[in-house]
Structure formats: structure tokens, C-alpha cells
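Several structures are given next for inspection.
Next come two complexes, and both contain chain A; in the first it sits with chain B, in the second with chain C.
And now, the complex of A and B:
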């Protein structure tokens, strides 16, 4: 048992990539079934990534262009190391929730740099939308996590998980229901699922930042995407669903992901301006109420 | 500091004047950041961003706890470093390319690589992302606000910090990334004296980012002079009542993950360089027109803020000035320039005086 703990820093990233790719495959299947299609097998994304990695041609627009996917993958893995995953602390005692909040943005900003180097206006438009969306969902999300931090008087993720131990009624989902709802609405934007997929919007701006990336670049972005899914669902699980042992932790992340996918499958896309106003209106209002709830109770 | 100024009531243990000062700081930070995102020239963007960043300092001074004061003083130092660097860099761009207008720049990374590297580190610090000096100072300010349960203030300052991503990306993208304009083909990197100062500041930003304790060592004596306890820290690790931030561990972990990602990159097939116009245009033949998406970058966001941006002190002042000159214009019509009119004014005035005099007598 002890060596599993000791090597958690090595196998958790591998687990995250595998889980993320599997979730992406399941999402394709679920969406296909909702739309009355058959859909690809759930392991399709493993095959896609391997194929892309082994492609012999990949075009590049310059060094910064190359740096984009590298920074994205590195930033994603870095964030993962500072989360407590399924009872393993990893490095989460070296930096608290506020540190994680800023590590999360390394990947998208790195990708933004790379995409910007390609001189394709679609990429730039996608990044402008992505950053606007970030400004939009970050405000309600911060209100939600402030409620959690104020409730326990700590910003340490490990302490927040420990405080929720001992049964489901201790989870913040039930202790701070308003904040949990707000955080989940923000998570939809953070994961770029509909109705908040404006930065990518394949029918409008040809996948936005990804427009010039192909071959091994696209493979690395797939890997980053897998890690990002795992990180985002884990963050919600840690903050509101009480973490738990590894199997329970993975189950909870899957439920969080499935909720996002089910909304994604049936929702249309907002205009980016509408998405912004939406986030700064209703979830923000709810978040403020949730914060008052945390301060008063 | 502000805590000693007055005994007039407290909010969550912060004096009322200090609390109001913190709100002014937070709103300045948010509005300054939004205005910065809507500018069309590099220097103007940086100027508005300075307003925003000094809002953070004011925020910390307003809260006035030892933690907040440490954050405020530290942030003043980190702002000095990264804003100094960015102004030097945009100065180099103006010197070499002749303008700081976003629409006329773009793609300069291929012409001015060293300036690009320093701007890259500069905007990462400006956005407040580790492992640069911009992060620990902001982090201390957040912890100070949350420690005192000043959550609504903390939310505003968080929004300001996210808005900083917007203008930081816009700055580096519009000048250095995107499409290189044909008229900028001949631009060259500046000479050693333009580049070297930038690189020195870049190194300092990274050094204090990895070892924030060295910067805090300069803040501690100031706190002692005010008889306040300095913060617990080592060279790399800062601990507050809420949590820990070990800058050196974060930096090292980033290095390791970066090496992993680089390994994936270099172990797979080599990529082929193509010219910048070899892009996906959905079947359209690319022509040599400017496709640098730089003007009005956040148009959709500006539209949402239209109502707010209409209000400005400048415009309010101009409205007042217009109103006064309108009144003066009306008043001027009394002075017709005709001597006879003035005589009648005089007669009227004397008649008024006479009436008042008679009423006074009776």
C-alpha cells in the first residue's frame, strides 16, 4: 500500500489521461444514442490519439506554434499534481485552492499563444471568445468556491476534503447547495460544453484555436483535453462531493462529467455575448445568495 | 495603517475608511482592467493596466492587516518589475517598428525574438500566473481578503484578475503573434542597449517568482517599523492562516511536466515548417490582405459593457463644460453692442432700485 502512495505522483497522471480519453469516448457514444445514431466504440479516442501521434506529417508555423500544445499538456499535468485525487495528497499540501485556480489557466493561455502564432484569424477569434468566456464563468465559480473557503476557514484542498468526510450529508453539495449548483453551471463553461462551446464552435470558426493543428499537435491537444476533463471534474468532486477512496472518486467524476454531457447533447449554442451576460446575471446572483448562506449559517 | 486612522466603526475587523478604500481599490482594479482590454494602442493598454494593478495595492492598504500590507507592498514591487519591463519592450517596438498601434503590428516574434521572450515573461507576470513574481503578491492579497471574510471584495478583485488575462493576451498577440504585415518585413531586433535591460528585468521576475521569500525579506522591516508581525516564510515557501504556497515546488513541478510534454513532442515525427499564409481558409484562396485580427479584439464583450462604458468622468466633465458654455452663449445675447439697449438696461435698473427704495421707506 505504501509504495502505491509513494508513486502516486507517477501513476495518477497516467490514470488521468486514460480516464479522460475513456470519458471522451463514452461522451461520443452517449451523444450518438441521444441523437439516435449508433456512435463509435467507447475506446475510439485511444485509437484516434495513437493514430495522430504516429502520423508522419505535421505542419508547423513556428516555434511558438510548437510551444502551444507543449504548454497545454504540461500545464494540464501540473494542475493535476496539485489536486488531492482519491485519498492521495500528491503535491496538494504545497499549494492551496487559489494556487490551483491559477495553475488551471496555464494550459489555455499556453495554447492561446501557440494558436495565435498561426496567423489564421479563426484561431484569434476563438481565443478572444475563449478569454471572454473565462471572464464570464470565473466570477460565479469564484463566488461558489469562496463560500467553501469561508465555511471551513481554509484554502487547502486536502483540508476541504477531510472536512467533508463521514457520510454524504457532510458533502458541500448538501451543505452549500446553491454554491454547488453555481459551480456546476460554471463547470459547463470551463469544460467548453454546449451551450458554452463558442471558443471552438466548429461550424462558425472551424474549431477556433485548433484550426491549424494537425498530426502529433492534435494528438497532444487530445491528451491535454483528456487531462483537463479529469482535472475539472476532480475539482468539483473535491470541493462539493467529498472526494472519497479512488473507486468512489472516479465514480463521482464520471457522474459530474455525464451531467455536463447530457446538457451538451440537447443544448444549442449561445452567442458569446449572451453567454457572458448569462453568467454575470443568474449564476452570479445565485452565487451571491450562496455566499450569504455560507456567511450566515 | 488605515486601521489606525480612525475608530469610526469596523467591517469584519477592518476600519470603515479602510474598508471603503479597499472597495475603491477593487473597483479601480476591475474597471481599469476592462478599459485596458478595449484599447487599440500598446502604451494606452499598459497605462490602463497600471491603473488596474495599483487598484490591487490600494485594496491591500485598505484592508490593512499585516498579511494585506505585505501583499500590497510586494505587489507594488512586482508591478514595478513587470510594468517596467513591458514599457521598455513596447518602447523597443516603437523604436524599431515606428508605432504601437495594434492594427499595424503583428507577427513581430519572427523579427524581434528577444523582445518577445521578455514580453512573454512580462505578460505572464501581469496575468499573475506562477512561476512568475506576479502570482505570490496577488495570492497574498486574496488570502488577506478571505482571512477577514471580505468575500464580496475578494470576488471583485478575482474578476479584475481574470480580466487581466484578456488584456495580457491581447497585448502579446496583437504585437508579436498573428500575421506579419508586409511593411514590417524589414523590422529588426533592437540593439544590445534596448534588449539587455529587458532581459535583466525578465531574470528578476523569474527569480522572485521562484523565491518570493527574497522579496518578502525587504517587506518585513517595513512591517516591523509599524510594530506588526512579519509573515512566516522561507525563500520559496509562504504560509498563511489559510494555506501554503511553495513557489519553488510549483516551479520544479512545472519544469518536470514541461520536460514530459517536450519528450512527447520530440519522440514523435518531426514537423515541417510552412509559410504563415499556408493556412486553412475553407477553400478561399489566401490573398495578401491583412488578416491580422487585432482591431476591436473584444468587440462582443465591449457590446455587453456598452451601457457601463458610456459613463466616464471625462465625458461627464465635457458635458458640464458644454452646459456652461451653452449658458454663457445665452447670456451673451444680452450684450447686443447697441448703446441704446444699454441705456434702457440702465433705466430699468434705476427703476428697480427706486422701487426697492420706496418699499423700504414705506
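And now, the complex of A and C:
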């Protein structure tokens, strides 16, 4: 038990990468079955990453272009270390929820910096859309998190998990249902799943920020994407589904991810303006109601 | 032409074969056979082959049909933007010998003179079954380390450039890509 805790700073990032890549593969399989296709094997994304890492050449467009994917991956991994994964505390401290709120922004900003340096108009459009979308979903997401913080009077993720212990009826999903719904809608935008995949719309802007990235850079972004999926589903699990031991934790993150994928598979894409209006209208309103719920009840 | 390296099996070659990201340069009518190959009916994603949005991310260039001299320049530029190792599939009779454009004044007849083609699909039009067979052949060859058109292009660049310059000068399409 003790040495697992002690080495967690090593195995948690590896677990996040492996789980994220597996989830991405499962998502492709699920989408294929919804479209009545056979679909790729679930380990396809491991093969893709291996292939990208073994590319011989990689064109660079400058220093910031090189640093962008590294900053994105590092930001994702740093956020991960503040989350209580499966009941293990890594860098947790009082008030780490506020730190996490700042850290989740680092990765998209790194991506935006790198994309900006590639000087491709499609990348610039994708970057602008990504940052606009971030501005849109952060407001309802922060309202949902505020409700949780108000209910337990703490900003520590560890305390929030502890407060939800003792059965499913203690989970915030049932204690604060409005905020949970708002957070899940925000999660859809955070993960870039449809209807909020405007930043990387491949048919409009040729995969947006990633347009000039190839070879090993793309492998780095693939790994970042895997970590990001794990971080975002974990954050929701910690805040609203009560954490749990490692197997239950992974199961819960998978369910959260699967809900997002199922919506993704059947939804069309909003325009960026529509997405912005949507987020600042209904989820924000629900989020305010959820905050009142947390204050009154 | 120079002697090529001996083919060898490796883990990365295996992964390269199992995960081909494709950019299809829709020049001719062959592009029409791609949608059924990609979608539910023939589903090429089960082989790990998916269409990509940009040449930077792609491993496989698909030339679907005849190439006019004007388009050839864009195709060469697209090919050179792709990252090594990369492969080319010539699609349909037009890329083999000109096909029904055999006496046309402004299309190229043999794609192999201008780009290193790894696999040809004969036919006018090749059906999705033929395309999938070509994909599987390419994957098996890549896993064995056999297809190395990208190395051939790099090592014999002067020869390819000379061929490219021949058609482009004749048609006054300016400098090399």
C-alpha cells in the first residue's frame, strides 16, 4: 500500500496515458458500431502513436511551434498530479481545486501558442475558436464547481471525495443534480466532442490547430489528448461521482467518457457563435440555480 | 538508380502498416470510389486506414485518376509536404499508362516517372474490393519493410526532378515546385 502511494507520481501519468489511448480506441469502436461498421481494433490508438513516434522526419516552424505540444502535454500531466486518483493523494493540499481550475487552462494555451507559430490560417481560425469555446464553457463549469465548494465549505478535492463517501446517495450527482448536469455539458465542450468540436472541425478548417503538426509532434499531441481525456473525466468523477478505489474510479471515468462519446456520435456541430450563446444561456442559468440549491438546501 | 537497402521486419514497420493515414488527392473520377470504401459498406477503418485533413499528418497519398500537368505540380508539392516514411498508391488505369487519356496533350501518362509509386490498382474504375486489396497488399509489404518509394525518391531526386522539369517546361508552368 505504502510503496504504491510512494511511486504514484510515476505510475499515475503512465496509467493516464494508457487509459486515455484505450478510451480513444473504444470511442472509435463505439462510433463505428453506431454507424453499423466493424470499426478498428480497440488498441488502434496505441498503433497510431507508435507509428507517429517512428516517423523519420518532422518539419518544424520555429521554437514556439516545438514547445507548444510539450507545454500541452506537461500541462495535462501537471493537472493530473493534483487529482486524487483512485484514493491516492499525489500533490493534494488545501485549496487544490482552485489550482486545478488554473492548470486545466495551461494545456489549451500551449496548443494555441504552437498553432499560432505555424502561421497557417486554418490553425489561427482553430485557435481562435478553441479559446472562444474555452471562454464559453468555463463560466457554467465554474458555477457548478462553486456549488460543490459552497456545499462542503472546502476547496480541497480530497475533502470533497471524503464528503461523498458512504454510498451512491451521497454522490454530488444526486445531492446537486443541477450542477452535475451543467458540469457534464461543460465537459462536452472541454473534451471537444460534438456538438462542441468547432476547434478541430476536420471538414471545415482541416483539423484546426493541428494542421501543420506531423510525425513526432502529432504523437505528442496524441498523448496530450489521451491525458486530457483522463484528467477531464477524472475531475468530473472526483467532483460528482465520489471517487472510489482505483477499479471503481476507472469504471466511473469510463462511464463519463462513454456518455460524452454517445452524444458525440449522434450530434451535429454548432457554429462557434451558437455554442457560445448556448453556454452562456442555458447551462449558466442552470448553474446559477444549482448554486442557489447548494446555498439553500 | 541506386541499389536499395535490404528490407527488414521491425516493430515500427509493423505499426506503420497497421496505421495508415491517408490523404486522397481527388484528381479524377476515382475519387467517387472512395466514399463507399470509407463508409459503412466497406469500412476501411477496420484496417486502421483513415482519411486525414492535411499532408503533414498523412502517410499515404492516393492519386485517384488522371493527372493534368497543372495538377501534377500541386501533387508533387503535396507529396513533398508529407513526412517520411510515406507511400503512394496509383489508382486506376490513368496512372498506369494514361488509360482513356492515352493521347491527351495535357495529362501525364506514367505517374511512376514523376513520383515513386508503391502500389498500382488497375482498372477503370477499380471497385472498392480492389482498393481494399491494394491496401492489404501495401500493409503486408510495409510490415515486411519492402515498400520504400520515399527512400527511392530521396536518393534519386535528380532523376525525378529532370522528368518533372520536362513536362512542366513544355507546358510553360514555370519553375520546379
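Note that the second predicted complex is superposed on the first by the 295 of 297 C-alpha atoms of A that agree within 3 Å, B and C clash if a C-alpha of one lies under 4 Å from a C-alpha of the other, contacts with A are read in each partner's own complex, and residues count from 1 in each chain.
Going forward, a residue touches a chain if its C-beta (ideal position, glycine included) is under 8 Å from a C-beta of that chain, and two chains touch if they have at least 3 such contacts.
Keep in mind that this is a model prediction, so the values were computed, not measured.
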| item | value |
| --- | --- |
| Contacts of A:81 with chain B and chain C, given as first, second, both or neither | first |
| Touched partner set for A:206, first chain B, second chain C, both or neither | both |
| Partner chain(s) touched by A:138 [first = chain B, second = chain C, both, neither] | first |
| First, second, both or neither for A:50, with chain B first and chain C second | second |
| Touched partner set for A:215, first chain B, second chain C, both or neither | both |
| Touching partner for A:38 - first (chain B), second (chain C), both, neither | second |
| Touched partner set for A:146, first chain B, second chain C, both or neither | first |
| A:178 touches, of chain B and chain C: first, second, both or neither? | neither |
| Chain touching more of chain A, residue-wise (chain B, chain C) | B |
| Partner chain(s) touched by A:60 [first = chain B, second = chain C, both, neither] | first |
| Set of chain A residues, in rising order, touched by both chain B and chain C | 53-59, 206, 211-212, 215 |
| Interfacial residue positions of chain B with respect to chain A in the complex | 107, 109-110, 116, 120, 124, 127-130, 135, 139, 142-143, 146, 149, 151-152, 154-155, 158-159, 162-163, 165-166, 169-170, 172-173, 177-180, 237, 241-246, 249-250, 253-254, 257-258, 260-262, 264-265, 268-274, 276-282, 291-294, 297-298, 300-301, 303-304 |
| In the complex, chain C residues that touch chain A | 11-12, 15-16, 18-19, 21, 39-40, 43, 45-48, 52-54, 56-57, 59, 81-85 |
| Contacting residues of chain A [partner chain C, same complex] | 28, 32, 35-41, 44, 47-48, 50-51, 53-59, 202-203, 206-207, 210-215, 218 |
| Residue ranges of chain A touching chain B (in the complex, touch as defined) | 53-62, 64, 66, 69-71, 73-75, 77-78, 81-82, 91, 93-99, 102-103, 105-106, 109, 112-113, 116-122, 124-125, 127-129, 131-132, 134-135, 138-139, 142-143, 146-147, 149-150, 153-156, 206, 211-212, 215-217, 219-220, 223, 271-273, 276-277, 288, 291, 295 |
